[in-house]
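Letters are used for the chains, namely A, B, C, D and E, taken in the order the chains are written, and counting of residues starts over at 1 for each.
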Amino acid sequence: MSKRGFWGGFWSLIVGLGVTLRASFRKNVTIQYPHVLVPVSPIYRGPVRLISEEVGGDHKCIGCLACQRICPTHAIPILTTKKNEENKNVPVDFVIDDALCCFCSLCVEVCPTVALEHSRIGDLAVEYQALLRREIMHDGTITSDNFPTSTGKSGGKS
Amino acid sequence: MDEQLPILNPDGQYPDSVNSETVPPIVRFLPLQKALDLARANSLWPLTFGIACCAIEMMAASASRYDTDRFGAGVFRNSPRQADLMIVAGTVNLKMAPIIKRLYDQMPSPKWVIALGSCAICGGPFEQEDNYAVVQGVEKIVPVDIFVPGCPPRPEALIHAILELQERIKAGTTHALEPGAVAPVTEQPVEFVDLIERLKKQAQRKSAQ
Amino acid sequence: MTIFEILLRIVLAFGIVVTFVALNALFLVWLERKVSAVIQNRLGPMEVGPLGLFQTLADALKLLGKEMITPTSVDRFVFLLAPIITFLPAPLLVSAIPIAQGIGVSDLNVGALYLMAVSNIAFIGILMAGWSSNNKYSLLGAIRAVAQNVSYEIPMLLAVLTIVLMAGSLKLSEIVKAQETIPFIVLQPVAFLIYFICSIAESNRTPFDLPEAESELVAGYHTEFTGMRFALFFLAEYTQVFVLSAIITTFFLGGWNGPLLHPIVWFFLKTYLVIFVVMWLRWTYPRLRSDQLMNFNWRVLLPLAILNLLVSTVVYRGGW
Amino acid sequence: MNEFLFIIGALITLGGGILAVIARNLFHAALGLAAALAGIACLFVPIGGELIAVVQVLVYLGAVAVSIVFILMLSPPFYLKRAHRNALKLSGAVGVTLIVAVPLFAAVLSVKSHGGSSDFVPTIDQLGRALLTEFVFPFEIISVLLTVAIIGAIVIARDLPEDDHIMSAAEVAEKEVKA
Amino acid sequence: MTSLTSYLVLSVILFLCGVFGLMERRNLVGILISIELMLNAASINFMAFNHFLFPGTVTGQIMTLFVIGLAAAEATLFLAIVFAVYRHYRSVNVERVDHLRG
């Protein structure tokens, strides 16, 4: 028996019922996610993307490999060549592996030309692991900036 | 006592579905298959099962703000015998791997697996060749239907995965197993003996130094 | 009546009752999920049908389509029989409850005792389930369930005796008729409390859900049951909730008595009110500890029940 | 209806009774006993014993059979193991059974039912009055017996050795510190 | 079908089951089960005789009630004794329980 004795304990049971009853009249806090998108913080870090206008468009990457070197999980393998006329590095294949990425933002911070940024995608679910390996650039041109598409009824950006 | 114990796991073995016989489900004819798939898609009962930090997001997904119960996926079952969906939420250690395999085996067909977070997909931050402790992706142990990247993923991502899985179940394109079928493991399975071997080698190396 | 007619009638009545039990349980599961959602500021099932009404239908269909696993080390025959034995009392109990004057499958002379007696059959089913699974969690769950049920049976019976004393009959319809003016909850509040607590304990629900305590025993006595076999346990549990509410309605809330509305409406209104309270309790209180559970029964409920019986005998039948 | 109940009850009773004595596993035997008890409750209904049937289920099935099964579950597993069947013992048991059977069957088959069955069903009122007037002495004796049985059972079963209780972590630590 | 003879035959068969079990079982709990069967055979007899031979009386039914009460008391004590015996002898085989003084 508690310090409050039998009647104190009995009263506490009724108080508990009152708490849940009051709670049940409160407005519910559920966000019906696929129909309504969930607001996220402005500094939210989604999957990393290469800033570019469109497929085949311009980008700021100079192939310095800073992001590749700093990435703690080796999620950004980049292949570069010196085929530029000024004999500078130019990225040929640019891959970001979302399966490995741990969203630490180090690559975004280290990039000297601000070529990378975090997207604001919060929901990403795919059927094959291979889909998570995004080949953003192939043969020097941006092939896709899109995230893996899915057949799900959602896919909205947060 | 000299007498043999007839009940209570006579040889210390836990009863699991590997050494159990299976009965085909009661309803199994084609016109109902569609309705059955719809029902299965809308009633995915997950196994209460969290390994690491991603489990916190899984809890968040089933709590008030995201509420997976809206899709019928909020009934967390504690017994694998009653669950349909296994959410592998977190780093799978080599020591944990046999247990996950056993839990998967104990679930009744049809059953699905969601790999939640980088660690469960491919090892994530622990991805390394010849890693002595972490299984490089839960796919090496059990067949995975949906991969959710993130470290950890947001609750929306899990809900998205559940919706994705629902679509796949309705379309009939999951790895769901028919009773009696053998789980198709997509990659080479982890050999659990490896751990011991490696530890032995490690010890030998240490003693050599 | 030939034997075939009797058989036909029995099968027909049983079929109707089982259908009612199953549909009612489906509805109750939905209600439970909605009540829990409301209390936790959630929405609960929403996507399947309007307000998720078909959610439990989908669950039931899915459970039908599940593989049924029989682990090799179980006691086969007992394992197969256990869910059926556990489910069996549910329709038997429902069929004894008078819904309104003259409506109900049967109105027995010894109705009140019959309800107590038949619910005992489920204990055997639970014991069979726990023992045959060959699993320590199941065994512990079954032991806890039966220890708890047998203990709480005693104050429960004493509370029923008080009601029988008030009504002067064991017949359920007579008990309801005796409450035409004042329901027994007013005259016997202590008996009501005792009966309410005991019947929640009998149906193994929170705060007395030790037999299924998830954090300790995986799923208690039905850990090893899959598919429809598990669904039978589920059905049995929710039917037990319905039955306990219906019995409380009959014993304490005046059954079908009520102004204006049709008696059947009154009966179901009261029953679902009690069901709501039971669910409300479930989503409010934490689980008791095993020793607290037994102490509460033997040290509080049983003396209180005996005292209540004595006092009400003196007050209502004492003649002075 | 009565015949139907009788047939059902008789089948359950016989099946349960036979299972209770020939089952190899003691748990199955206990379940057979439970089935037999339920069948007997079924048998009581056609001969005007509704109340007795209900009490049979309540007390016998709900308390006696459950506690037997309970004891089996609490006990070490070799409780359930049946001693090896011994041909000599078995034949002895069969012989004794047959010796008992012959006079019993002779007696039973010689009984003539002169009164014939009636539709008389004693009400609970009558039973209660009989219990508290004519049979009040045995009734009181039974109540005393039950009380004594409960206390006796507790005394017998409670007899634990001193060190046999489960120690809490604190107690263990204390003991270790002392030692 | 529901005649006195049929009830009595049933009760005799049940009683014989009990006798057989009593002779054959070596386990205390098994013996208890057999005794319960025999007690039940007796209560069937009480009920049948009351109904078929002495209609209008309640003596047999009261006797059955007493049998049930006795059986409850007996089972309680028996199970307690089983516990005590097991604790002392580490066995419930009646053939091993052969010491008069503990």
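Criterion: a residue touches a chain if its C-beta (ideal position, glycine included) is under 8 Å from a C-beta of that chain, and two chains touch if they have at least 3 such contacts.
Keep in mind it's a predicted model, so treat the numbers as computed, not measured.
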Contact network partition after chain D is left out of the picture: A, B, C | E
Innermost chain by mean C-alpha position: C
Farthest chain (mean CA position) relative to chain E: A
Of D-E and B-C, pair with higher C-beta contact tally: D-E
Computed distance of Cα centres, chain E from chain D, in Å: 6
Centre-of-Cα separation between chain D and chain A, whole angstrom: 67
Intercentroid distance (Cα basis), chain B paired with chain A, Å: 24
Between chain A and chain E, centroid-to-centroid distance (C-alpha), Å: 73
Shared-contact residues (touching 2 or more other chains) in chain C: 37, 40-43, 46, 75, 139
Shared-contact residues (touching 2 or more other chains) in chain A: 28-30, 32
Residue list for chain D, restricted to those that touch at least two other chains: 3, 25, 51, 55, 63, 67, 72
Residues of chain C touching chain B in the complex: 33, 37, 40-48, 52, 55, 57-62, 64-75, 133-136, 139, 214, 218-219, 222-228, 230
Parts of chain C lying in touch with chain A, wherever the complex brings them together: 37-43, 46, 280-281, 283-285, 300
Touching residues (chain side chain B, partner chain A) in the complex: 64-67, 70, 114, 118, 121-122, 124-125, 127, 137, 139, 144-151, 153-154, 156-161, 163-164, 167-168, 171
Chain D residues touching chain C - in the complex, by the definition given at the top: 1, 3-4, 25, 27-28, 31, 34, 38, 50-51, 54-55, 57-58, 61-63, 65-67, 69-70, 72-74, 123-124
Interfacial residue positions of chain D with respect to chain E in the complex: 2-3, 6-7, 10, 13-14, 17-18, 20-21, 26, 29-30, 32-33, 36-37, 40, 43-44, 46-49, 51-52, 55-56, 59-60, 63-64, 67-68, 71-72, 75, 79, 82-83, 89-90, 92-94, 96-97, 100-101, 104-105, 108-109, 111, 113-118, 120, 122, 126-127, 130-131, 135, 138-139, 142, 145-146, 148-150, 152-154, 156-157, 159
